[in-house]
Amino acid sequence: MSQPFRLPFKVRDYECDMQGIVNNGVYFNYLEHARHEFLLQQGVNFAELTQEGIHLVVVKAELDYKTSLTSGDEFYIQVEPERPSKVRFAFRQTVVRLSDNKTVLTALITGTSLNKSGRPYIHPKVDCIFPRS
Amino acid sequence: MSQPFRLPFKVRDYECDMQGIVNNGVYFNYLEHARHEFLLQQGVNFAELTQEGIHLVVVKAELDYKTSLTSGDEFYIQVEPERPSKVRFAFRQTVVRLSDNKTVLTALITGTSLNKSGRPYIHPKVDCIFPRS
Amino acid sequence: MSQPFRLPFKVRDYECDMQGIVNNGVYFNYLEHARHEFLLQQGVNFAELTQEGIHLVVVKAELDYKTSLTSGDEFYIQVEPERPSKVRFAFRQTVVRLSDNKTVLTALITGTSLNKSGRPYIHPKVDCIFPRS
Amino acid sequence: MSQPFRLPFKVRDYECDMQGIVNNGVYFNYLEHARHEFLLQQGVNFAELTQEGIHLVVVKAELDYKTSLTSGDEFYIQVEPERPSKVRFAFRQTVVRLSDNKTVLTALITGTSLNKSGRPYIHPKVDCIFPRS
């Protein structure tokens, strides 16, 4: 059984807000980047799909904030695929701080894929990343 | 009975991504700004609280994306307070596009308030914005 | 003689960094938004030009930071067009804080316009916004 | 003679705008992160200085955009210190794309350092990073 996908990160100071911690909205950026790198490793290039007129879009985002990251923190994001329905796919994502192995945030991001007409269309390469049980 | 709080916005081009629509993470920024303006209208200044060592923090974010905003779109965000428990308060937020009155996104953002020791502390002014039922 | 273009803004808390002031990079976003709204007022829609394959691009940015904006500050950005050469146009921009009418930042942003082949192409509508002296 | 400081980066998709390229303002973020990592390598922690009430601030930014970065591009930023005057220090920064070794952007960022009273104060550790000629 293969290891789940993990992408290393380091907090950049411009991502911290007046509380001195990473702004809540920045985690959204981190999570998106980790999803796109996960897809790329699986052979799906988000930018190329976009140019072909296939839009992967988020329909639901659920984030649980456990603790905060701050300046200089190193962490990784683990990404695991799930398949809630035929036209929906999901990413279970976990942000883990390296210094103490503590979970900073857990997220479930559910998406779908639309073609140029705005109708659901799951590209075969996307389809096989998210196996239906 | 008073009207719910609403804050007007207009999409800025730098908020749009390669899909030509507002990037998913940007909604989080919009929602935060609307929450802080709502609090300010109720007499609570987020930046002043932060300087006093009282940190309002998000513990859970749930966002449902219904449709997308794009370059030039005008919209408002409605904010309504809820009180899920003694030490938690919540904001029910709705993003509505002006041109067709369509709901773009609904969100429930749950927060808590911590003092300098990192312990839950609900400031009296925050407490009365979120009435316990 | 007409008044120069001015766009009102208010600092949003997520734009402030750990120093409690607006992050340096955020001014670039403010300036871009002001330029696009200025162009729009003059009949040039940046997003539409982009879809037509005409890319307005920045080639040089010079920013002088005089003082800082912080949480809650209201300000406006003034935009004045200049024409340094046939294939280049420029925006002289000034960020002014409302509370004391103090200049926060001055900037000179020089751009050009490229067609689908990546060659300089100044659209007639853009051309007449920046009169050659 | 030691090698100049270089920090590796990879473009993240959320940094690209509707033109499909990295938004101009994002380079500001890249440059700031590279400066802070450069300072850290030299023993100066930006966040710690901020907490001590010493604010390193940008007074002038000059950026020359040569070409654009796009989705997936890998690049590095080179940082070299300069000392324009007693109370000012500067960073000469170059963004270089890995695939073809092409210079994407050159920048000269000039800063100063202020103490709690807002007066110029160059911390000894900062002073020796930027040798006066």
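We just call them A, B, C and D in the order they show up, numbering each chain from 1.
Here, a contact is a pair of C-beta atoms (placed from the backbone, for glycine too) under 8 Å apart; a residue touches a chain by one contact, two chains touch by 3 or more.
All of these numbers come straight from a predicted model, not from anything done at the bench.
Note on interfaces C-D and B-D: more C-beta pairs are in contact across C-D.
Chain centres here are C-alpha means, and the one lying farthest from subunit A is C.
If you average the Cα atoms of subunit B and of subunit D, the two centres end up 33 Å apart. If you average the CA atoms of subunit A and of subunit D, the two centres end up 28 Å from each other.
Averaging Cα coordinates per chain places subunit C and subunit D 22 Å apart. The set of subunit A residues touching two or more other chains comprises 13-14, 16, 18, 20, 23, 25, 29, 32, 47, 71. Within the complex formed with subunit B, the residues of subunit D that make contact are 13-14, 16-18, 20, 23, 25, 71. The part of subunit A that touches subunit D in the complex is made up of residues 12-14, 16, 20, 29, 32-33, 36, 40, 45-47, 51, 70-72. Here subunit B touches subunit A in the complex through residues 18-19, 23-26, 28-29, 32, 47, 50, 55, 57-65, 68, going by the rule given at the top.
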